[in-house]
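Here come two complexes built around subunit A, the first alongside subunit B, the second alongside subunit C.
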Partner chain A sequence: MRTFLLRRFLQAIPLLFGISALTFLLLQLAPGDFLNTMAENPGITVESIEAMRTRFGLDRPWHVQYVLYLKNLILHLDFGESFSRHQPVFQVLREGLLNTLLLAVSAAVVTWGLAVPLGVWAAVRQYSWVDKGLSLLAFLWLSIPEVLSGLLLLFLAAKTGLFPVGGMRSLGWESMDPLGKALDLLHHLALPALVVGLIPLAARMRQMRANLLDVLRLDYVTTARAKGLDERTVVFKHAVRNAINPLITLFGFTLGALLSGSFIAEIIFSWPGLGRITLDALLTQDQYLVMGSVLMASVVLVLGNLVADILLAVADPRIAYD
Partner chain B sequence: MTETREAAADQTPWSLFWRQFRKSPIAIAGGVLLAVLYALAFLAPFIAPYTPEEMDRERYYHPPQPLHWVDATGRFHPGSFVHPTTLADPRRFRYEEDRSRVAPLRLFVRGTPYRLLGVPLDRHLYGVEAPNRIYLLGTDPFGRDVVSRLLFGARISLTVGLVGIAISFTLGLLLGGVSGYFGGWVDTVIMRSTELLLSIPGLYLLIALRGIFPADLPSQQVYLSIVVILAFIGWAGLARVIRGMVLAIRRQEYVTAAEALGMSRARIIVRHILPNTMSFVIVAATVAVPGYILGEVVLSFLGLGVQEPAASWGNMLNQARSQRVLTAFPWMLFAPGTAIFLTVLAFNFLGDGLRDALDPRKVLGGKTG
Partner chain C sequence: MRSTNARLVTAAAMAMLAWGAAGCGGQQGIAGSTWHDAHPLPADTMTVPTPEIGRHGGRFVIAQTSGPKTFNDIMANESSSTDVAGRMFVGLTELDYASGRMYGLLAKSWDVSPDGLTWTWHLRRGAQFSDGHPITSEDILFNFEIAYDEKLHPSIQDLLKVDGKKFEISAPDSYTVVMKIPRAYALMIPAVGSLHIMPKHRLESAYRSGDFASAFNVSTAAESIVCSGPFMLKEYAAGEKTVLTRNPYWFGVDAKGQRMPYLDEVVFLIVPDQEAAALKFQSGEVDGIDNVKPADYSTYADGQKKGNYTLYDLGPGMTTNFFWVNLNRVKEAKPGRKVGDPQTDPIRYEWFKRAEFRQALSKAIDREAMIRSVFFGDAVKNWSTSTAGNKVWYGPETVGLDYDPEGAKRLLAGMGWKDRDGDGVLEDEKGRTVSFTMKTNADNVTRVAMANFVRDDLAKIGIRCTPVPVDFNTLITNLRQDFQYESILLGLQSGVPPDPMMGQNVWKSSGLTHYWNVAQKRPETAAEAKIDELVAENVATIDFEARKRGWREIEQIVNREAFVIWLPTIIVKLPVRNTFGNVQPSVMPHRLLWSIDRVYVKGGGTPA
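== the complex of A and B ==
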């Protein structure tokens, strides 16, 4: 187990270097010298521009720049300076990242919380109207991209007034008691989490159904039934636990979809997350902020895959010994 | 010789596939719907009553006009008509139908001249006589006809997917093929690059790549840059699968035979190995097209893609972003929304049917869950 974890962890390191190299390359390819653009901004002093120039070696050849970029990144978590916000990039990103993770994790709860029971339901009632209805719904839902479902929910929220139409907190948030704060946050979180969580739902539900159907055909399930166990025990104690494994692997895979989905939900519902920051940064040509957030999102994805592998190894000991 | 060839042709994978495909009503429905959508896009200047940029300064946010058949005096109009409207509340853009007047719907009316395949024409499928105007799906904040924008937008939104797929699948096939066939360091380099691309969340990569193109490109170049970006992101996943398939195929005897005959490696990959991956590639491409279409929609929705005044489904959605527009002028969301939904649905239907038709297990007749 320990060697498996170690090996898996070491594999992630070159990947992270590769991602940093790619973001650096994109930074270089971006048009215009942004320090010049910065110099035109009266809000930025000549000293701070000079400080940036030396810190990132912007007047030196590109390989020196990359080494400096990496050094600042690893040693000081220094992603550079956000020009538009006059703050270190890391500081800007930290809060956005937490908000995005909150959204993505809630969305994952929505996805798995619905996909597993619905998938089981469809499988134990194979070919019934429940099964057919659920696959039809899944099929239709697969064809509604998050841009549409997001705007649709925003439309409903605005029409009914049941949910807030954007932001993360109500106006009087500061003066609420802790329970009120939590409820208010949940109230704001509900719609964006639903939008993001419903995207992978259809696919996961179909997978859960197919997995369970496969497992239910196996010999040990027949054995369990032959022993005289009731169907409920056979399905939930014996079959579901094995059928769920592939869904754990898919968690890492789904995380990418959840992050991308959060991006759109953040824009539509004005959720102050990483996606919003990235878009604003791109529109204001705040290069370091753009690259910092791309790097950050990728790190989350790589770590998420790592966690998924570890979870799978925990759930299925056969894997760690391979 | 010819006879045996013909008899064999009857049993080619293609004929088997076609027989299977025709049995799936869903796949046929998807295919027909797509044919209609692409035909509409191609015929856009003829079907659209107006040009996508034409502004009606007296009718901003005009709601969709219903067709009527019976007028105020009880007379029946077999060809249907609309009532001309007047602006009742300029602040809220509320319009009132003038029920005493009738603007009959006319077919093949003369309108703005246009060219279709180089032929100069001026007939439009439907319209009303000037000075009346017809807005079956309403107008946008600039008083432009939503039907016309939808049709012209389809030309961009629907073709981005096909062009993007063509580029990225060519790349994916070649790189995956080379990677699987040659192995060694070539394989390592290509596979590590795909891992790299796949470990950056899609939309973030999309945004970062958009950043290397200047913000204010002319619309032709925006189109090109979107296609290039989508293709750059899209090849990685396919290349990995193709590599796996090529690894299995290259050990087959006919490949060894081709090698022994002294055929060049490039020719072996292109002529003998890649064609064997085709059934998978066709399904994968069909299922992947919506992703590319949505890529354009998302970029334009975020204001980074096709720029005004040109129309695309994404930038039409962009205008529906605010809460005020959504509640007061919901057609701004539902018109492009329905178009996008139908397109994605049609591709999914077609892809599902193709997968069933190309699935070798299906031939056994067993119904798989």
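== the complex of A and C ==
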């Protein structure tokens, strides 16, 4: 196990290096730079723009900028400074990080909380109307793009007044008691979490159903039934336990997408997460902020995949690394 | 750029949704404040003119499509930051949007020597920062030192120099500041006012240690951001909102001597786009919107009664729309390009150079039809950067070359251009098809619609114009750095105050925003030489009537030469909830916030 972890760790280094180089290169290839938006203003002279370009280091060739960036990153763990905010990148990203995690975790709860039981239910009642109905619903949802489903739910919220129209907290949040605060947060969280959470539901549910059906056909299940065990024990104690392995791997991948999976929903629902910050940074070419966001999402992705592999080994004694 | 596309789709779909949603009417904010003035009023209070005497309490919520990036007013560069910081920090002088005049804010009064070279500012005695610390001449000197700092080089610096020289500033006592300038400067009062005063006692150590740029940023604790304006920071929640509350030491009072501002809180709520703002307005979470598309005017107008709001018609705005053809020439030799070569295709450059050609372009545009189709009737013809919305500088006598397709055709025929091959497109005197491209930024739907309209009108006089919508950053690179374009359609925001010389870099041939031929070493045409002369004279003149005459002359030369071809200017309308009094929207940015210190929650309002 230890060598496995070490190997994975070493593999991640060139990967992250490649991602950072590619991101930096793409940002350089995009026309203009951060100072462009200012250049449109007739009140700002060329001297001011040039002075700022020097202050931000944008006057140096891109490879020099990149080497400096890497140096600061490796030696001082310094992700650079956001041009527009005059703040360290890490500090800016931290603002959105927790909110994004909150949304992503809630969405994962929606996905997995529904996928596993529904998948089991569909498998146990194979070809019944329950099975068909669930499949239909799941695929219907799967085929609606996130943008559209988000907007439809937002429309519902505005039309009925049952849910807030975007945002994370009500205006009077500070003056609420702790229970009120939590409920208000949940109220705001419900729709975006549903939008993000329901997308992978169809796939996960079908996966659970298929795995369980495979297992239910195996000899040991027949044996268990022949022993006279009741169906409940057969399914939950013997079959589900074995059928769930591939889903654990998938769960690991979900972890990997925690930071980047909900960007679109964040923007539709005005959720103050990383999505908004990253989009703003991209549009204004706040380059180190974009770099920081991409690197952070990549690190989480790498870690997520690692966790998936470890989880698998823990869940299934037949799997061992080394 | 998947996210950008997603955003566009979102915006479009939300536009449809916004209006499907039923308005739930206004919810009132926290009314009936228990606020009591805990501090004695200063010796020199400032009486703020208000239409009505208001009462204390309540909250005004405004939508913002992007949150502040910093609260450091001197280092802030974009409106999402300055909209907020501009309520927290004020300067010596300020523009009264209602009258168009400058008045003293931190400066109670000022004197100018007869030659216009020595300015003496008398500060308001007893004025205090939001922590009770007095605002004195020390603070003014400190802020000018920062503004002139070569390393920081804040963008305000340019306005605070005359002929590239700094003001000589001294402070004979705590309440007097003397500034000496090398020549008379027409923009002195607005320039001085645009430097907002930040507290020396809080920022000096940061400045001396080289950390000024990152001081007062969005993670700074609210209570340590000490303000000189009517409001101070109460709370900032990244990506959600910024809450300002009254500065308890503010020196503004109303006619009854009550301390201003009236509101307990001003909330800037962050929404992803205009459509989301509309939804929030409909649901009552937002009290006013400062930016509405003409396409939405009628829908807002219809919902006024139900939503308990008024759609204020402010008349013509100050934003201009225009296009120009590329007359730029190579300024520095590059491989394959000599100094003086046209930046654009040499054949086209020969056309663009001719005033008759540019005049024909202007005469080809049916502006009335454009107003009807692109602006839904909510626009007016415009011929200058001083639009009809500019109360002080507008000159109705300035009129450019308006729609006259026959006249346009005569001009082109006079140049020997005709349609030789019968394909409906003219050929020039050497037989080359007359066509060019027009770039504009793709994210601005109105500009793209205008460009398409121009294409159709030019086709009618036999010129083929192809609109090319491009990414905003590409457009800026094209017009500022590589000059790879044939024509560009763009718009300009008005400066505050809307003095035409605030935009002098557009008119001076050496200016970097002298779009059609930027940064000329010396003026290339007689007309531009004359404009340069008039601009130089204008900024060095104090007499308003003389300056106005000079500006009229500049406008006429620009229009006669058709250096820019003007397109209509939008009529501004914006909705504000009826529960507020003293709402005085203006066409100048920020349209709602300039008078927010006077706004109050009406008693007995009828929250739905």
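Criterion: the second predicted complex is superposed on the first by the 256 of 322 C-alpha atoms of A that agree within 3 Å, B and C clash if a C-alpha of one lies under 4 Å from a C-alpha of the other, contacts with A are read in each partner's own complex, and residues count from 1 in each chain.
The rule we apply is simple: a contact is a pair of C-beta atoms (placed from the backbone, for glycine too) under 8 Å apart; a residue touches a chain by one contact, two chains touch by 3 or more.
The structure presented is a predicted model; accordingly, all values stated were derived computationally and were not measured.
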Partner chain(s) touched by A:R209 [first = subunit B, second = subunit C, both, neither]: first
First, second, both or neither for A:L171, with subunit B first and subunit C second: second
Partner chain in contact with A:Y66 - subunit B first, subunit C second, else both or neither: neither
Subunit B versus subunit C as contact partner of A:F251, first or second or both or neither: neither
First (subunit B), second (subunit C), both or neither touched by A:G161: second
Touching partner for A:Q287 - first (subunit B), second (subunit C), both, neither: first
Partner chain in contact with A:F56 - subunit B first, subunit C second, else both or neither: neither
Partner chain(s) touched by A:S260 [first = subunit B, second = subunit C, both, neither]: first
Partner chain in contact with A:H86 - subunit B first, subunit C second, else both or neither: second
Those residues of subunit A which subunit B touches in one complex and subunit C touches in the other: 30-31, 147-148, 151, 154-155, 158-159, 165-166, 263-264, 267-268, 275, 278-279, 282-283, 285
Of subunit C, residues touching subunit A in the complex: 1, 3-4, 6-7, 9-10, 13-14, 17-18, 20-22, 24, 29-30, 59, 61, 66, 69-70, 72, 75, 77-78, 150-153, 155, 157-159, 213-214, 217-219, 235, 237-241, 267, 269-272, 276, 279-280, 282-283, 285, 471-474, 476-477, 480, 492, 495, 502-506, 511-513, 519
Contact footprint of subunit A on subunit B as seen in their complex: 192, 195-196, 198-205, 207-215, 290, 294, 297-298, 301-304, 317, 320-321, 323, 326-327, 330, 333, 337, 340-341, 344-345, 348, 352, 369
Subunit A - residues contacting subunit B, complex: 14-15, 18-19, 22-23, 26, 29-31, 126, 139-140, 142-145, 147-148, 151-152, 154-155, 158-159, 165-166, 209-210, 213, 256-257, 259-260, 263-264, 267-268, 275, 278-279, 282-283, 285, 287, 290-291, 293-294, 297-298, 300-302, 305
In the complex, subunit A residues that touch subunit C: 30-32, 36-48, 51-52, 55, 81-82, 84-87, 91, 95-96, 99, 147-148, 150-151, 154-155, 158-159, 161, 165-169, 171-172, 174, 263-264, 267-268, 270-273, 275-280, 282-283, 285
